[in-house]
Each structure stands twice: as C-alpha cells, then as structure tokens.
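Next come two complexes built around subunit A: one with subunit B, the other with subunit C.
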Partner chain A sequence: MINIHFPIFILTLLLAFATIIPLQKRPFDRRFQVIMMSVLVVSLVMAIGELIYVIDHGAYSYTFGSYERGIGIEFLVDEFSVLMTAVVIVIAFFILLYSIRDLEHEIDPSRIYSYYTLIFLLLFAMIGMIFTNDIFNMYVFVEILSITSVAIIAIKNKKDSLMASMKYLIMGTIGSITVLMGFALIYMVTGHLNMTLIAEEIVLVWEQYPLNILLAMGFILTGFGIKAAIFPLHNWLPDAHSSAPTPSSAFLSGLVVKAYVFAIAKMIYRVVGPDISTNIGLTDYILIFAVLSIIMGSVYALSQTDIKRRLAYSSVAQIGYIFLGLGLATDLGISAALFHVISHAFMKSALFLSAGSIIYLTGKRHVKDLSGIAYTMPVTMTVFCIGTLGMIGIPATSGFMSKWYLGLASLDAGQPELLIVILISSFLNALYYLPIVISAFLQEKPSRETIVVVSTQGTTVPRSMKISMALVGAGVIIIGLFPNIVMDIINMAVPTFIE
Partner chain B sequence: MNDLIVKMTTKLVLPFIQLYGIYVIIHGHLSPGGAFPGGAIFATSIVLFTIVFGLRIGQKRLPHHVSSKLETSGIFVFIVFGLTGILMGYQFLTNQEAGFPMGEWGRVFSAGFIPIITFALGIKVMSAVVTLFHTMMEEE
Partner chain C sequence: MNITQLRLMVELALPIIIIVIVLLELLLIPFLGRVSRRRRVRRVTVRIVIFLTIILMVSIYPVVINAPLEWHIAHVFGNGIIFRIDLLSLLFMIFAGLIFLVVSFYTAVDIKNFGREKSFYSFFMITYVATLGTLMAGDLLSFFMFFEIMTFASYVLMVHQRSQNVIEAGSIYIYFGIIGGLSILAGILILSAYTQSYEWLTLGEKFGDLGAVRYVAAGLFILGFGVKAGMVPLHHWVPVVYPKSHLSVNALSSGILMKIGGYGILRLFVSVIESTNGQSEQMLNGSLLTLENIGGIIIWIGIITMIVGVIAALEQEEMVRMLAYHSVSQMGYVIMGIGVAAYLGFDGSMGFAGGFYHMINHGIFKALLFMVAGAVYFKTKDKNMYRLGGLYKNMPFTTIVAIIAAFGITGMPLFNGYASKTVLHHAIVEAHVYGHSSFFWAEQFFMLASAGTAASFIKFIIQIFFGKRAEAHKDVKETYNSGTVAMVILAVGVVAIGLFPNALLDYFIIPAARTLNYDAQFIDNYLVGMNVFLYDDLSTMLPVYSMGALIYIVGMRYHLFHFHLPKQLNPESGYYQPAYDKFIAVTKKVLNKMEQVIIKSDVFIYGIMLLVLLISLLNFL
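Our next item is the complex of A and B:
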C-alpha cells in the first residue's frame, strides 16, 4: 500500500533536493554529481514501482490531508501520467548526465549550483502538473514551471539569451494570466476547482452557458498554446530554445512543452469532455491551428541556417502533430497524440543533445559548416541521424510509429485530408533535415582537419556526453521497434480521458 | 543615507513593524493574513534597515548564508510535517487524524500543525524577500 504515496515521495524528494543544493559549500565535484544522479535514480525506481502498481490496480485519486474530494487538493494518478513521469525522469537523467561536462563551458562556474536548483524545481513543477487534478493547483505549478524555465535560459548571461528569456518571460506571463482568467470563468460556471467535480457539473450546465465555456476554454487554450508554442503564438520559442544552454534546450523542447500539452489534453477531455468540446466547436479550432503549425513550423525551419534554430522551429511543427491528434477527439487520436508526446520527447532530446555536442566541440552552429563532421564525431552524428530519421518518419524509429498512429487516427475519424498534411510535412521535414545528415556523412571537406586544431575542448566529446546521447538515441529505436511497450499503457489510460 | 532623523525614526519604527509581521504570521490560521503577507511585512523591516544604514550593515544583520539556511529549513519543516501524515498511516499533509492536537477553537495554539507550518513558511518568505533585495542591491 506504500505504492500509492510514491508520487508524493517523488515530488518531495525533488523539492527537498532542490532546496538543499544552494547550501553546498564544496566545489562542483564528483560526490555531488553522484548524489544528484542517485536522487534521479531513486525517483525513477519509485516511478516504475508506481507504474507497476497502477497497471495492476488501475488509476486512483489521492487527496491531500485525507480530506474528501473537493476540499483537499487531489492528484489523479492514472497510467499515462505515471508513464509520463517515468519518461520525464529518464530523459532528465540523460540530460543531466550530459550536462555535467557540457555546462562547464556554457555558464559561469559559480552558477552551476543555481542551475541544478532550477532544474530540480522545474522537474518538481512538471511532475506536479502531470499528476494534479485541481485547476488552481495546476495554475500554481504552471507558474513555477514558467519561472524556472525562463531562468534556465537567462542563466547563460549572454546578450541573446537574456533577450530571449525576457521575451519568453513576457509571453509566458501573458499565458499564465490568460490561463488563470479561463480557470476563473470555469469556476464561475461550475463552482468547483476539482477537475472531476467540474466535469460532473459541466455536463449539467453547459447548455445554459455554452458561450461562457467556449470563452473559458478559449482563454485556457490560448494561454497554454503560448506556452506550448502552437503556430501563431510560437514566436518566443525559436529564440528561447536556440539561445539557451544545450541541456536547457533539451529540457524545454523535449519535456516542458509536453507538460503544457498534457495540461491541454486534461482540460479538453477530462474537464470539458469530448462531446461538449466537439459541440461548442473547440476541436475544429484545434485542428485548424494544428495544421497551420505543422506546415508553417516546417516552412520556417527550412529558412533557418542556425542548427539549433532549425531544431526549435521543427518543435513547433511537432507540437502541431500532437494537437492534430487531440483535435480529432477520438480514442485513436488521443492515443496517437499521447504516443507522440513520448516519442517526440526522445527524438528532440537526442537531436538537441547531439547538436549541442557539435557546438561543444567545434563551436559551429551554421548548417553549412557541418559538412564532413561525421568523420570527426561519429557517435554524435549517428545519434543526430537517428533523431533526424525519426522526425521524418522512417520505419524502425519512434517517429514512424507516431505518424502511423496519427494517420490511422485521421482515417478513422473520416478526415483523410489530414493524412495529406502529415505526408507533406514529412517531405518538408526530409527537406530541411536530410541535407545536414547527407553533408555530414557523405561530403568531405578540408575543414575536418581544422576542427581538430581549432578545438579548445580536447579532440573528442567527453564520454558521459556520448553515453547519454547514445542511450537517448537507443530509446528512439526501441520505441520505434516495440511501440507496444508505450502503446499498451496509453490504451489503458485513454478511457480515463473519454468516458 | 546619512540623515539623523531618518535613522532615528527607523530605529523607532523597526520593532513595531517586526512585531506586526510576527503577529500576522502567528495568527495566520485565525485572521486574515498568514505566512506570505506576514513574511513580507517582516522582510520590509530589514529592507528598510538596509536602505537606511547601507548594504554592508544590512547584510551583517541577516547574512546571505543565514538567510539561505532559513529558506531551506522552512521548506523542510513543511515536508517533514507533510510526511508525518503518511507515517501515521494517512495521506500527505493529514492533520487531525494523524494525531496533531487540535487545541481550543479560536486560540493561537489550535488547528494542529497549521501554525507551525505557517510560521516556517513565514520565515521562508521573509528570508526570500530579503535575499532578493540584497542580491539586487549587490548587482547595482
């Protein structure tokens, strides 16, 4: 029975560790690194234990303070949220393993401890957001998450990262306030803050207040849409993700954006419910913006020459896929969207980490400078190649499986034109990703000698960075070959979204 | 700032601000207010002190290493009291069922662990505001 407390243990462990870090007096040494990684391992073990418990016993709700539902804050621990927590911790483990060596040359050494404090608070807020079943509690976690995610960009203290984080801060604050406004409107209609109680109440009252609920959901979708970077609201993302330190880029693009997407999924399906959402026309709007995101994200990415900016714009397109699945409002659509949440987390982390280690070793960010680089950095470019193939949707990668599920879902929903959008987007993806890979592996340039000479960081990427990249890349392949590991759990969780 | 009147007034006002801050914190579960307003009120006294007497003397009153320890311990008190509920076989942050004495209704010593948590969080808020202010002053 101790298993039901594991989400709390994970959260308190992360919070406690985040608050201990600033008290460290010793320099950033091996002992601290080992403790930090073992905190993540312990929380991973608890997440997996929780996953096994939830698969055996089904989803359950956890109220704080043993109060009844509606008085105390409630966590809803279902299969997908636990799986998502496990994925967050796994990817965080790899990114932090990578960051140990990478951070030294990206941020000021005196700020390393502050950086890890922020990262653990970010994980705390993200996992809290995934579990929570209370909209005001969600708002609190959203605020913690937005402030910490701004801070892990600004900590680099360069001109462009400060500008980008200021932009992100302003956009993010507008987003938070908008979300709060939407929550207030929902509270006005239903008189509850607990999602389950709102869902029960909204079924009774939505015919009286359809405009009010549409307005509330409009506020909420706009607010979370800013934070999740759906197309017309995306313009903070490329600056923020490309100017941040590499581990931060991987965190933001791979995980943080997904937390907001999951919050949207909860709001649409758990709070308002699929029937009412379709009835007030919510899902149609989502589909329009999803298609715009998919196409425009790729088109923008084509014109970028900075490798990290290209990856960042590709995130906009990939978020579009997730919204496409959510907008279909069918079982298959939701499960495809949730699958893509996880598969994109692995692919984008692999891409950002490998792009980061190219920058680490050579200092080159321009796409044209990367020709022949696979000769000097084989491991890095292999991981990059895997991520790229996943983004395009080549079989045996997780990207193929998510596109497959999305295609099936759109056919099932009777909207085959969306399949064409997915195909066009795959071609666009190939158009802007493949040239990098082809020139890196197949072209030879004299620059590969100069790379070795110019480099100040030694001639190879540190082993810990290589290992973490390779394992994230392996994750992409494993999910691509055995999608059922993830899909079975998602299929268990989908009924909790659509009653 | 080298003004005798300002310094004397600050010295006179300071204890009252602090007393009021502590009052708001301690009565957090009975009256309007609580950890956040109370902590902020208490912090304004130290902020005022720093403005009037300068950063060097202000930091001597509440050095950075002390305030960061206070912040951490505030969170820890919260976590420990929260986990006590689990230890007693209930859920996180369980109050009455976990055996905390409820006391008499309307008195300061009532409502189980809530006054203790409010006090810890009040100290945490106070040290956070002071740390923020001092850090901003240092970077000027």
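Our next item is the complex of A and C:
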C-alpha cells in the first residue's frame, strides 16, 4: 500500500536533491554524477511501481495532510499522469547522462551545480504539474517551471541566449499572469480551486455564465498557449530552444512544453468537460490554432538554416498535432494526442541530442555545412535519421503511429480535411528534414577531413552521449513497433478525461 | 529431421525465417570485405542467401496451391500484423527472388569499380527483404511499412554513385516516393476508418457500401502505387533517376520494384473481388459498379501511359533513358491489363492473367535489356546510341542476347513478350466486346504502342550493333564474367517462357485466378488450354512489325527522332531543384515580412489582454 505515496516521494526526492546540490563543495566529479543518476533511477523505480499499482487498482486521488477535498491540496494519480511521469524521468535520465559531458563546453564550470539544481527543480515542477488536481497549486508549479526553464537557457551566459531568455521570461510572465486571471475567473464562477469540485460546479452553472467560462478558458488557453508555443504565440520558442545549451533544448522541447499541453488537456476535459467545451466553441478554436501551427510551423522550419532553429520550429508544428488531437474532443482524438505527447518527447529528444553532438564535435550549425558528416559521426547521424523518419512518419517509428492514430481520429470525428493537413505537414517535414540526412549520409565533400581537424573536443563524441542518444533512438523504434506499451495505458486513462 | 518436418517448419514460420535469414546476412555483411578476397565471399553469401530464400518459397508451393497460408504476429503496430501468401504473392515472391539473384550476379561487374560495396549490399538485402515483405503482407499496415522501407532502401541504391547531380536526381525519386507513400497512407487510413479492417482480405467486404469514399480511397491508392509503377503523369522520376544510377539498379527497379506498384493496384482490385463471397446483392452490385468505373479509368490511364512512354522513348538518344521510357510504356500495358481485370468484374480473369503475366515477362526482358546496355556501356563508355554502331563484330554474344530481349519486348512469337501481349490483347478485345464500345479505340492504341515499341527496338539494335562502327570502338572486346551468367539466365528465361507460354499460366496464373473468385466458366472457356500460336493472334503481329519498320524508316529518313519536348514538359530538364530553391526563397521572404506583423499583432493582443486584466481588476475593487 505504500505505492500510493510514491508520487509524493518522487516529488520530495527531487526537491530535496535540488536543495542539496548547491551545498556541494567538491568539484563536479564521478561520485556526484553517480548520485545524481541514482536519484533519477530511484524515482524511476518508484514511478514504475506506481504505474503497476495504478494499472491494477485504477486511478485515485491523494489528499495532503488528510484535509478534506477542497481545503487541502489534492493530487489525482491516474494512469496517464503516472506514465507521463515515468516518461519524463526516463528521458530526463538520458538527457542528464548526455549532459554530463556536453555541458563541459556549453556552460561555465562554476555553474554546473546551479544548472543541475535548476534541472531538478524543473523536474519537480513538471511532475507536480502533471499530478496536481488543484488549479492554484498548478499555478504555483507553472511559475516554478517558467522561471527554471528561463534560467536553464540564460545559464549559458552568451549574448543570444540572454536575449532569448529575456524574451522567454517576458512572454512567460504574460502567460502566467493570463493563466492566473483565467483561474481567478473560474474561481469567481464556481467558488472552488479543486478541479473535481470545479467540474461538478461548472455543470450546474455553465448555462448561466457561458461567457465567463469562455473568457476564463480563453485566458487559460492563451496563457498556456504561449508557454506551449502554439502558432501565433510561438515567437519566443525558436530563439530560446536554439540558443540554449543542448540538454536544455531537449528538456524544453521534449518535456516542458508537453507539461503545459497536458495542463491544457486537464483544463479542457477535466475541469470544463468535453460537452461544455464543445458547446461554448472552445474545441473549434483549438482546431483552428492547431492547423495553423502544423502548417506554419513546418513552413517556418523550411526557411531556417540553423539546424537547432529548424528543430525548434518543427516543435511548433508537432505541438500543433497534439492540439489537433485535443481539439477533436473524442476518445480517439485525446488518446492520439496523448500518444503523440510521448512519441514526440522521444523523437524530439533524439533529434536535439544528436544535433547537439554535431555541434559539440564540429561546432557547425548551418544545415549546408553538414555534408558527409555521417562518415565521421555514424551513431549520431543514425539517431538523427531515426528521429527524422519518425517526423516524416515512416512505419516502425513512433511518429508513424501518432500519425496513424491522429488520422483515424480525425476521420472518426468526421473531419477528413484534417487528414489532408496531416499529410501536407508530413510532406513538409520530409522537405526540411530529409536534405539534412541525405547530405550527411550520402554527400562527400573534400572538407570532410577538415571537420575532424577543426574540432576541439577530440575526434569522437563521448561514449555517455552516444549511449544516451542511441537509447532514445531505440525508444522511438520500440514505441513505433509496439505502440500498445503506451497506448494501453493511455486508453485506460482516457475515460478520466471524457466521462 | 526429415523432409516433411522441415517443410512443416517452413510452413509454420516462413516470413519470420526469411526475415531472420536476411537480417543475419545483414549482420554478416560489414565483417566481410576488409580484404578483397573476402569481398568475393560477401558477394557469394548474398547470392546464397537469396537462393536459399527462393528454395524456401518454392517449397511451399504445393501447400499454397491448395489454400493460402497465413501467419499472425500479435502486438506489432497495436493490432498485430498478418502475413498471407497466396498464389499471386508466391509467384511474385519467387520472381522477385530470381530477379534479385540474377541482378546480384550482374552487380559484381557493375559495382566493383565504385567501391562502397558494404553499403550497396546492405541496402540490396534490405530492399530484397522489404520487397518480399510487401508481397507477403496480409494487412495494410505491414504492407505500408515494407513498402516505405523498400522506397528508402532502393533510394540508397539509386544514388550509390553519390555525386552532386546524382543526389539531385535521387531527390526526385525519394520525394515522389514519399508523396506516393503518403497517398497510400491516406488511402489505408480512409479504408481502415470506414471499414474497421486492416487486412487485405476483409478489406473488400464492406467496400460495396461506402459511397463516394471508396472512390477517394481507391484513387489515393492508385495515385500512390502509380508513382511506383511509373504511371503517366507520375512517371517523371523514371527518366530522371535512371540514367544517374547503376545499371544493375535500373535492372532491379524495372525488373521488380516498379512491379510492386502494379502488384499493389492489382491486389486492391483482387481483394475486392475475392471478398464478394456471400455478400448481399446490393453490396455486390455496389462493389462491381465501383470496379467497373475505376477499371475503365485505369484502362485509359494504361493506354496513355503506353503511348506517352513509347513516344518519349523514340525521341531518346541515350540507351538508358530510352529503356527507362520503355519501362514506363510497358507498365502501361500492365496497368491496362489490371484495368481490364477490374473493369469486367468477375469476367476480368483475362485482364488479370495478362497484367500479371506481362509483369513477369517485362521484368525478365527489361532487366536483360539494361544488362545489355550495361555490357555495351562498360566497354565503349558511351551511352549515346547514335555514336555507337557495328558492335556485332566485337560483341557477338551481347548482340544475340540483345536481339533475344528485343524480340521479347516487341512481342515476337516464340519469345515471352508475345505470350503476355497476346493475353493482354485478348483482354482489351474482351473489354470492348463485353464492355463499352470506346475500348475499340483502346485496342487501336494498343496496336500503335506495340508498333512504336517495335520501331524503337529496331532502332536500338541497328544503331548499336549494326551499321557503321565508330573508330574509337574498333578494339572493343567482349569479356565473359558473372554478368554474362546473369544475361544467359535471363535470355534462357525469355526463350523458355516464349516456347512454353502455357507453363506459367497453368501452374500459377490460372489457379490464382480461380482462388480469387473469378468466374470459373469464363476461365475454363478462355484461359485454360489457351493456344497463343493461332493464326488470329500471330497475324496481329504482322501489322505491328511492318508498321514498326515503317516508323523506323520514316523516322530515320526525316530525322523525326530528334524532336524534343518543350522544356516545361520535359522531366529531364531538371526544374525540380530550382523550383525547390525558389519555393524556399519565397517562403523565407514572405515569412520575414510576416514575422514583423506577427510580432506587432502579438504585442497588440497582449496589450489588449493586459487592458482587460486591468479593467476587470478595477471592477473587483
């Protein structure tokens, strides 16, 4: 029965470790690295234990300090949030394993401990946001997450990353305030902060205050939309993701953005409810912005020449897919969206990590400079290739299964035009990803010798980086071949979104 | 372990065995070839593996002829995947194995001087297993997976030379492939969403009552497969990428990969016909009406493809490009046969047999023709037909083989092309007799295309092997190597099928047609014991050849073969890359302008939101 406390244990462990790190006096050595990784392993073990418990016993709500619901803070531990936690920890494990060597050249050595403090706080906030069933509590976690994610960009202390983090900070703050405003409006209408209670109340009162709820949800969606980088609100994202240190980019693009998306899913389906959302026209707006994101994100990515910016804009498009699934407001749509949350986390981490190791070894970021690079970095480019194929949607990668589920969902919802959007975007993905892979694997340049000479970091990528990349890439393929590992759990959780 | 046990084991897990064998070979390939002696071992292992899989496939023929074999593999792709081998797929699989085996003999000559054999043979084997997988797949998802793997792996083979212009040409192949793949995916998604079935077999069951959706789905499938099959107007990749890739890859692509497109369309129609058992009258009529409409369109597409292909082929100077256009044109014959198979519904067995048979035959003689072109090119280093000539003295063996292949493709009696073209001719006549009268003109075009093919190959043979020999080619000498083995095997195939045209029909095609629900009486009347060497059929070849000779003489006399398409219509003029660059440049320009607008409007939106925030706060106070 101790299993039911595991989410709290995970949070406390992460928070406690985050507070201990700055007390370290010793240099950043192997011992610390082992402890750090083992903290993640322990929390992963707990997350998996929790997952088994939840699969066996179903979702439950966890109230802090035995206060009754509505007074105390409450966590809702359901199948998907636990799965998401597990995925967050797994990917965080790989990214941290990667970061140990990569950070050496990205940030000042004196800041390494602060960096990991921030990372663990970020994980803490993200997992808290996933579990929480209380909107004010969610706001607190959102704030922690925003500040830490700004900080892990700014820590690079270069001009462009400082500019980007400033932009992100301002946008993020506007987003947070907007979200808070939305929460206030909801509190005004219902008088509750607990999501379950709000949902019960809102069913009774929504006909009296449809405009209030629409306004509140508008605020919340705009706020989270800024943070999740949905199309017209995406301006901060390319700068932030491309100028951040590679592990930060992978964190931001693979995980942080998804936490906000999951928050939106909670707000739409758990708090307001699918029927009311459709009734006040919320889902239609979401669909419009989703389609805009998908197309415009890809078109923007097409015009980028910096590899990391290209990946960042592609994130905008991929977030659009998730919103597309959410906007359909059907079982299939939501499960497709949640599947893509996880599948994209793997694919985009694989892409960012491999792009990062190209930069680590060669210092080249321009896509035209990458010709023939696979001859010197076969593992890296293979992982990049897997991520690329996933983005295009080639079968046996997780990206194909997302596209498959999304396509089925949009046809099931009677909106075949969305299928066309998905296909066009797939083709655009191919247009901007494939040339990189093709020139890396197939083009031979006389300058391929110089790539090695220019490098200051030795001639190969460190083994820890290679292993973490390869494992993330393997994750993409495993989920692609056996999507049921993820999909079964998602299907258990979907009823908690749509009653 | 005795033979029966072995066969049982094969029956139990053939697809897995094939995939595992090829994967093991893939693991082995990188370790061979550090020393040049081992490279030979690598080539031999590749051949042994392919040969082994052929034996495995042949060994299940006695089982498959009674009932199709099925294997279920749970959990993959969520719903599990199915492998299903019936006679149609088994013949294709064996044929694919043979083509890969023959080409693997030829690669030894072709690839040797280019290096990178490791990557070539790895992707060769991947293409092989993906091709077999496409044919074995019993459900749409695994079919699509193998199809995409095949596209990507064959792309790597296509651009094996890897210079800048080769990669540019290859991009056209891969992007056409991706567009085709996406449209197949859309078709699969639509069918799966509306019928809740992922299997080829059950796909057709609900096809009858889908309304307009079935046309959309079928159209998407045909678009996707049409890209692979080189159907006009989706054939642009063929003449662009063929001259830039190795000749053995061309042989492979024309020999089997393009056929997969034809197989896909055929499989689509056949599965609709196959699953009509026990359907209600209304649904049956719905299915048949759809097949008739789509089939009629497909027949005309096939006709257009063969005409366009053959006209373009006549205008070419380069051997490879000419053969590439002939591949397009010959696929037109196949597509027309498949169209008849659908158009006549249960009576379409003649079209089925023709399309099916011609795919096999075309694979054989077209692979052989590419090898001949290669044999000439390796010795003379010239691909231009007009600069060659008189090589029969230097290369007697190649000349004989080339003439055999040319007889095959033009449909000379006693060579294999004749048999399948006769069946196809019967099919189009039946479409005219039992169907719409407009197919009378289709038949005329069919004859015209055959005449064009004859003219083109008269030109091919005369320009290369007869006439005046260029000074530079005086000392050209033929060498005999493993490539020769490949050519001999194929030439024997051309002649053997031509002499015994009924063997394939009796052992594979007619049983396949029977299991597929085609009208048994119709098959008995027309297909069983069909004698292609009757006066009526033989006499059709006479006008074809005389017209072909006429076209050749007139064309040479008045220099009609140097006419070129306007630049905009010519796929070889390479407008794809500039178009892509321009597209990127325009988007960049537009986006840079938009960026400012977006930022400004964002600021505006934020401003308004903050204002609302302030006002509402004031309200609260």
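Operating definition for what follows: the second predicted complex is superposed on the first by the 499 of 499 C-alpha atoms of A that agree within 3 Å, B and C clash if a C-alpha of one lies under 4 Å from a C-alpha of the other, contacts with A are read in each partner's own complex, and residues count from 1 in each chain.
One rule holds for everything that comes next: a residue touches a chain if its C-beta (ideal position, glycine included) is under 8 Å from a C-beta of that chain, and two chains touch if they have at least 3 such contacts.
In this text, all values refer to a predicted model and were calculated from it rather than measured experimentally.
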item: If touched residues of subunit A are counted for subunit B and for subunit C, the larger one; value: C
item: Partner chain in contact with A:Leu411 - subunit B first, subunit C second, else both or neither; value: second
item: Which superposed partner A:Gln208 touches (first subunit B, second subunit C, both, neither); value: neither
item: First, second, both or neither for A:Asn157, with subunit B first and subunit C second; value: neither
item: First (subunit B), second (subunit C), both or neither touched by A:Ile438; value: second
item: Partner chain in contact with A:Gly65 - subunit B first, subunit C second, else both or neither; value: first
item: Which superposed partner A:Ile20 touches (first subunit B, second subunit C, both, neither); value: first
item: Touched partner set for A:Thr12, first subunit B, second subunit C, both or neither; value: first
item: Residues of subunit A that lie at the interface with subunit B and also at the interface with subunit C; value: none
item: Parts of subunit A lying in touch with subunit C, wherever the complex brings them together; value: 174, 177-178, 181, 219, 222, 232-233, 235, 299-300, 302-303, 389, 392-396, 401, 403-404, 407-408, 411-412, 416, 419-420, 423, 426-427, 430-431, 434-435, 438-439, 442-444, 481-484, 487
item: Complex contact set, residues of subunit B against subunit A; value: 68-69, 71-72, 75-76, 79, 82-83, 85-86, 90-95, 97
item: Partner subunit B, residues of subunit A touching it in the complex; value: 5, 8, 12, 15-16, 19-20, 22-23, 62-66, 72
item: Of subunit C, residues touching subunit A in the complex; value: 75-78, 141, 144-145, 148-149, 152, 156, 159, 162, 164, 167, 170-171, 174-175, 178-179, 181-183, 185-186, 189-190, 192-194, 580, 584, 587-588, 591, 598-599, 601-602, 605-606, 609-610, 613, 616
